[in-house]
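Before I ask anything, let me first share the structure, which is written out below as structure tokens.
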Amino acid sequence: MAESPGAEKREESPILWVARPMATAARQFARSLWRPSTIVYPYERLEDPKFREKLEVKSGKPFGVGDIWDNYRGVHALNIETCISCNLCAFSCPDICIEMVTVAGGDPKHPKKCPEIDYGKCSFCGFCSDACPEGCLTMTTRYEITTPKRQEMVFSPERMYEIFRSKLPMNPIRLARPENEDQILLDPPLCIGCNACARDCPTQCITMLDIPKPEAKPGEKLPRRIWKEPVVNDSDCVRCGTCISVCPKECLFWGTRK
Amino acid sequence: MSSATLYSVSYDLVHAILAAIGSVLPYPGNVWITNPDLITGLAVLVFGAILLVATMLNTILLIWWERKLLGRFMDRRAAMHVGFAGLLQNFADGFKLFHKSTVKPREADTLGYLSGPTAYMVASLLIFGILPISSGWNSGALPLTLLLALAVFSFAPLFIFVSAWSSNNKYSLMGGMRSAAQMIAYEVPLLLAVVAVVIVAGSFDLTTIVYEQQNYWFWGPLFLALIVFVAAMLAEMERIPFDLPEAEAELVEGWNTEYGGMLFAFFMFTDYLRALIGSILVVLLFLGGWTMPSWVPAAATSFPLAGIVWLMVKTYIVFALFVWVRASLPRVRTDQLLRVGWNRMIPLALLSIFLAAVLVTVRCLPAFGCIPSLGT
Amino acid sequence: MSEMWINMGPQHPMTHGLWNLRVKIDGEVIVDVDPELGYLHRGIEKISEDRHYNEVVTLMDRTCYVAGLAWEHLYIIASEKALHIEPPERAEYLRVMCEEFQRLGSHIMWFSAFVVDIGLLTPLLYGMRDRDLVLDLFQSYTGARMTYEYMRVGGVRNDLPPGFTDRARTVLDWLMARFDEYDKLTLGSDIFHKRCDNLGILKANDCIAHGVTGPMLRSAGVKRDLRKDRPYAAYDRVEFDVAGADSADVTGRYLVRMEEMRQSVRILRQVLDWLDRNPGPVMARELPRWLGAPYAPVGREGYLLKRNYPKGVGFSSIEEPHGEAQAYIVNEGGEHPYRVKLKSPVFSNISAARQYLVGYRVADIPPIMGSVDVCIGESDR
């Protein structure tokens, strides 16, 4: 019936009514007598390298071949020490399951905020760890997070820091940054020099530079502002956009520096 | 053959216990309690209890056997955590089902809904009082054991229809209708295949039939009858490829769709009980029952209860064949099933009767050496 | 028994999803059917209007739970057209690899479900076992087994891990041997032919009239395969044959799918060889500035819409495992798509149910609907 080449050859014709399927099932029965293909999960784990070797050698089947587990996107690990509170993980989360909560270690004026993840909502898409500019939020191979209590599904930064220190295999796949990345640009006429961007910049790559106060022409009123302008150090900038969001005059925007 | 029978064992047991009690009782009591009628009555009860427990244990063991075999056919491990190799898993499942509440659909007919599964199970359990398990291990020497067993066996599906109809569910009703049609269609070839055995053995008594097979088992000369019998038995047991009444793909669960908890457990248990009966019948009719061929060393057949052990071994092997069929074949359709039943199975069964008659005739020709009928 | 309506669904073993097939039967014969869809509607199209171009990919994984990467591919092609982006060649090959592996996974899943419909429980486990190998491969380079989130506008998330191609070839060899085993268990048995031959016939002109596509159309003798007829991604650079059959019945659909799996293995071997030979970037260099993958923060539309970004409209149509899927994306500027419209092949295939079910028996419903390969996630969206 199939017109493709070789289809006639492969087509199985019934022999003796049911003899062929019964022989096939019997062959499978004999094959799985010693060791079926299933994995007795809580006792045998695919992420256990020793078990993988054993399986590969004994069964001759391509099960669990290679280090497939290291790329798995599981529970996050957070390195609180290197976190710069840039909010990018929370911004990039499609499920809005990341909340930035205050952790110890910040100065009272600028409290340090780290992500707290609600695994009841998380879809493990990995966008947050892709977005993390410092590489402090990564995903591990841990996948067992079932719990009888809903509150325990929320992982605090400290809890994820413990996972980080437990040296689970981290997801080595990291997205390379594109070359023509956005930069923070300024609409100079709109700026009032208020320092909000420089104050809230997590990497402190914005410096307020003095600009000359122009001479007021006759009949023209000078804007009421501080005569300073933000200058962004592009090599330090992590593109979190905090400055854009805090700017009261909406004078910062994404763009390419000419 | 050991001289002790199940009944004599239970009689002796009851007698010993009652005598012990009677020895400490004062005058009117000790005479009364060793009354032979009382001992006989109690012995029958003990006999029944032992049989019932043994049957249930065997059925549950059969479910375990099917699960394990099917698991290997499907390239997986089956139940393996409760007990050694999962032996106690079915007990756990049974206890779970037993402590669930019985939910009856509001529109269902109460009497039929509740009594159907119970009667189905009890009717199937009856057969075990009749089936000879080993020499002397049956309830009594009825001359028509085989007919009675098959009659009770085909009586049970009536209760399937009762419970299906009273469930007031379209799927249940369709499953019940299919079940009835299938039972009726396959009852005929089943009995015709048995007729071939009866012709050769010359008796309706299962014990006689087994002893007739001491020289040669019937599966060789009556191979055609065996095929017809096994196929018809598959249909009677409602197993794949003939499990249309409970075809889960289209009928959800067939006639027991509306059942849950203990009543469902009754159904499930009885299905396997009938599978056990079917396998034992195949062994008794075609595979020499509890007897073994003469080339088997005497040590293997002379230990206590050897007959029962060998019968069970054969039964489980026969059931493994059913599991193998289940693992490798798809389900047929109702009209195809009925067409196969009426158009193929019955002619084949008639042919097997003819062959049996020829065999009986030929057997007594001097040229072939007259094989004597042993009889009892 | 007079005629009666029975509801097969929304919870019924036949449905393979969440839908309702109302069947009017006369005894065991089907007189009329009425498929009801919409139980699994999640508003994915509407949610997409509130998500980034890249974040919509997470939703596309959830349209069809057995063919997530195929739907990602569909969406990504359309949105790249809408955003005027050209992906690098290696990314295109990677996407072809994803789609073909997904076709393997989806068809094996279909096989597992289909054999259960005709009462064979054993190959279900075989199918699940072998599909697991494909999922292992997905996990090794996307990081997930079911919801992959692998493709991005302008390329794919990451390149393959070292040693992947050898591992994939091992799996392909194993699968090719298993396909013969599947055939023995099904085509080798007389009961299968009794059940499936001349069943659920949908002739070519009926298929075309109802918009039925995919293996159902090809089994009716129409060799339409978008991978051949309107090549996208790297399909014009690989060799394969379009599977086809003439019988237009359940057996024909079975044969077409089995042959498609073998052709997928053939494509995959070529693609894996190409990937071995040609390293390179997997992400386009010239992305729109704010689309530097997931960096652009959510909730900043106000700042982005002020700047003028190119507008556009993207349409894509791919040969998804179930049939021809289509996506239409309107880009009105800004970081969210203005409108995402998805067309699922399963929707059309189910809609023609009256054509291929009436006149058969109740027991034929599971094999026929099984041969349609229903995936409600994508038809309800």
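Per-chain residue numbering starts at 1, and chain names A, B and C are given in the order in which the chains are listed.
Rule of thumb we're sticking to: a contact is a pair of C-beta atoms (placed from the backbone, for glycine too) under 8 Å apart; a residue touches a chain by one contact, two chains touch by 3 or more.
As the structure is a prediction and not an experimental result, all values here were calculated from the model.
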item: Other chains in touch with both subunit A and subunit B; value: C
item: Furthest chain, CA centroid comparison against subunit B; value: A
item: Central subunit by CA centre of mass proxy; value: C
item: Chain pair, B-C or A-C, that carries the greater number of C-beta contacts; value: A-C
item: Chain centre separation in whole Å, for subunit B relative to subunit A (CA means); value: 61
item: Whole-Å gap between the CA centroids of subunit B and subunit C; value: 48
item: Where subunit A and subunit C are represented by their mean Cα positions, the distance between them in whole Å; value: 27
item: Multi-chain contact residues (two or more partners), subunit B; value: 73-76, 327-329
item: In subunit A, residues with contacts to at least two other chains; value: 18, 21, 24-25, 28, 37-38
item: Junction residues of subunit C, two or more chains touched; value: 122, 126, 129, 185-186, 189, 191
item: Residues of subunit A touching subunit C in the complex; value: 1-5, 7, 10-15, 17-18, 20-21, 23-25, 28, 37-38, 61-69, 71-73, 87-88, 91-94, 123-127, 130-131, 139, 171, 173-182, 239-241, 244-245, 250, 252-256
item: Of all residues in subunit B, those that touch subunit C in their complex; value: 70, 73-76, 170-171, 174, 177, 240-241, 243-244, 247-252, 326-336
item: Subunit B partner contacts - residues on subunit A that touch it in the complex; value: 18, 21-22, 24-26, 28-29, 31-33, 36-38, 40
item: Of all residues in subunit C, those that touch subunit B in their complex; value: 1, 4, 6, 8, 12-14, 28, 115-122, 124-126, 129, 185-186, 189, 191-192, 194-195, 361-366
item: Residues of subunit C touching subunit A in the complex; value: 51-52, 54-55, 58, 122, 126, 129, 132-133, 136-137, 139-144, 147, 149, 157-158, 161, 163-164, 167, 170-171, 174, 180-181, 183-191, 193, 223, 241-247, 251-252, 255-256, 259, 263, 283, 285-287, 289-290, 292-300, 302-304, 306-307
